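Have a look at this one before I ask anything.
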Amino acid sequence: MTVPRGLSCRDSAQAPKAEYADATIRVRYAETDQMGVVYHGNYFVWFEVGRVEYCRQAGVDYKRMESEDDSFIVVVEASCRYRRPARYDDLLTVRTRLTESRRRTIRFAYEIFRQDSGEQLATGETLHVICDRLGQPKSLPEKYRPYFRAMPPEASGDTTKATKR
Amino acid sequence: MTVPRGLSCRDSAQAPKAEYADATIRVRYAETDQMGVVYHGNYFVWFEVGRVEYCRQAGVDYKRMESEDDSFIVVVEASCRYRRPARYDDLLTVRTRLTESRRRTIRFAYEIFRQDSGEQLATGETLHVICDRLGQPKSLPEKYRPYFRAMPPEASGDTTKATKR
Amino acid sequence: MTVPRGLSCRDSAQAPKAEYADATIRVRYAETDQMGVVYHGNYFVWFEVGRVEYCRQAGVDYKRMESEDDSFIVVVEASCRYRRPARYDDLLTVRTRLTESRRRTIRFAYEIFRQDSGEQLATGETLHVICDRLGQPKSLPEKYRPYFRAMPPEASGDTTKATKR
Amino acid sequence: MTVPRGLSCRDSAQAPKAEYADATIRVRYAETDQMGVVYHGNYFVWFEVGRVEYCRQAGVDYKRMESEDDSFIVVVEASCRYRRPARYDDLLTVRTRLTESRRRTIRFAYEIFRQDSGEQLATGETLHVICDRLGQPKSLPEKYRPYFRAMPPEASGDTTKATKR
């Protein structure tokens, strides 16, 4: 299968081989609340940072995917399980996997852990529908397909071990 | 059963009879993103507004519950399903129900709809553990029990009609 | 002077007579930080809530001003002085005045006070340029002029007294 | 002058020599609004990221300054001038200078520019009072003095060139 080259995709030879992408987050003061820990709603912002990083490492420029190919990755479901609190100034990793990829929907899974201790703080998932500028569902353009190939969880190794460094 | 009166509870005679509490939200410009709709992470902030309103209407002053009774309602799970986008300046209702109440955990369900059309925009759920200031799980203090009695979904009437789906 | 009627303006007979507009804010948990008070950046979001309310009371539907008249009120300067902290669940008033109005720029002044005590918490100012969708400065469309007539501070009475109720 | 060593300061020999500290920001989707650019309130969050980075590079662990020395750097004034919009996925630099340092107050100045073009997007300032946990003003503890020595603007070189305006 050949991959149509476009301004917003890298060469298919560079299509994602990695099973996940890692993004680093330094917790901001603004992200804490009066409980002294990070406000829970902010984890969804971090998931988005992870998702963007996943796309970038997979060779997709999401900015152009929106502006040039009129394809928006719209969130239709989001969930998070909070295990341990994140705190101001913590250095975190958001690890993002693409766990499902269909004609019109894609699913990402996330894991957030503290970089110093390796402790897992939270896990989550988002389900997305590809939409045009007006919010109408559409198929993911052909040229992006190779970049959004899901990695089934079972094939992606023992992630538990990976995060308990 | 008598309810110990406290500064942070209203008289037991005023314990919650309503099956849900409604809070009104006017969508802020700051809450939109470049897709032209509300950023999905903000729904969790609105759920929290709904939860606080539920507590208030149930007779619980959550502010005092934290400061005087060292009891924090910590989020351990949160999820949301997005059905239709909310837009800048929309007037919304967050309808909150307490769907489960145990010694150490409580669960809320949310429904967000547009006030003019009655369209349902999103539904969600949060699971909470009662913790002390240091984040250690604890039982919900006795005096708050009557105010956190769950209303099972089946007993809560036909809400579908109310939201005009 | 006649006012061209438009979908996004009310009749000129209803043009703003009031010297300010008040909006009510209930402080959200999400808006606090680990200092136990509201994070300072959120006051600018509240100023925006006040500004939108000012427009609404003046008869301008800002949503339509953007979508139908391609006129955006873009912030070019913003400042805030913080006097006393706002806290979770406080009920606040944002009082907004239009203090300057020129062909291409308008200036708003804000005052935030606690509704129960009348204490002033913060004051601020924003300067705006009218821009089109692409961010190019333009003149405020004629039909909006009557709705953006500034009220000079000296004419607007002793506001200090007003807030120390 | 000897510097009392503390857990939250580095050795005085490492006291700040640099005239400014740079922090990198990747613009998040959540930070944009429906105008298609970054919401203006978020610049104050970025200023805070810059301020924290300034402290870190100066040898001050602000987290410990709060928790161990009961000294909070509270914002009492904040202002920003917006020159060009920041956009989603832009890579930015927040350049932070300490421009004034007194017994109880310190002042920071900020400059935000795009890393690829060097274009300056915004400038700003914040004034702070040192407070204890209860919000009462206090003097900056002696041991932190050497780390908060202001660099007068005139002594800080030609920054204009650096930002390629």
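Think of it as A, B, C and D in the order they're written, each chain with its own count starting at 1.
FYI, a contact is a pair of C-beta atoms (placed from the backbone, for glycine too) under 8 Å apart; a residue touches a chain by one contact, two chains touch by 3 or more.
Note that the coordinates shown come from a computational prediction; the quantities given were computed from them, not determined experimentally.
Remark: among chain pairs C-D and A-D, C-D carries the greater number of C-beta contacts.
Compared with chain D, the chain whose C-alpha mean position is the greatest distance off is B.
Centroids built from CA atoms put chain D at 30 Å from chain A. Work out the mean CA point of chain A and of chain C, and you get 37 Å between them.
Contacts with at least two other chains are made by residues 29-30, 35, 37, 41, 45, 48, 88 of chain C.
Chain C meets chain D in the complex at residues 35, 37, 40-42, 44-45, 48, 72, 74-83, 85, 135. Looking at the complex, you find that chain D touches chain B at residues 29-30, 32-37, 39, 41, 88.
Across the interface of their complex, chain C is touched by residues 26, 28-30, 45, 48-49, 52, 62-63, 88-89 of chain B.
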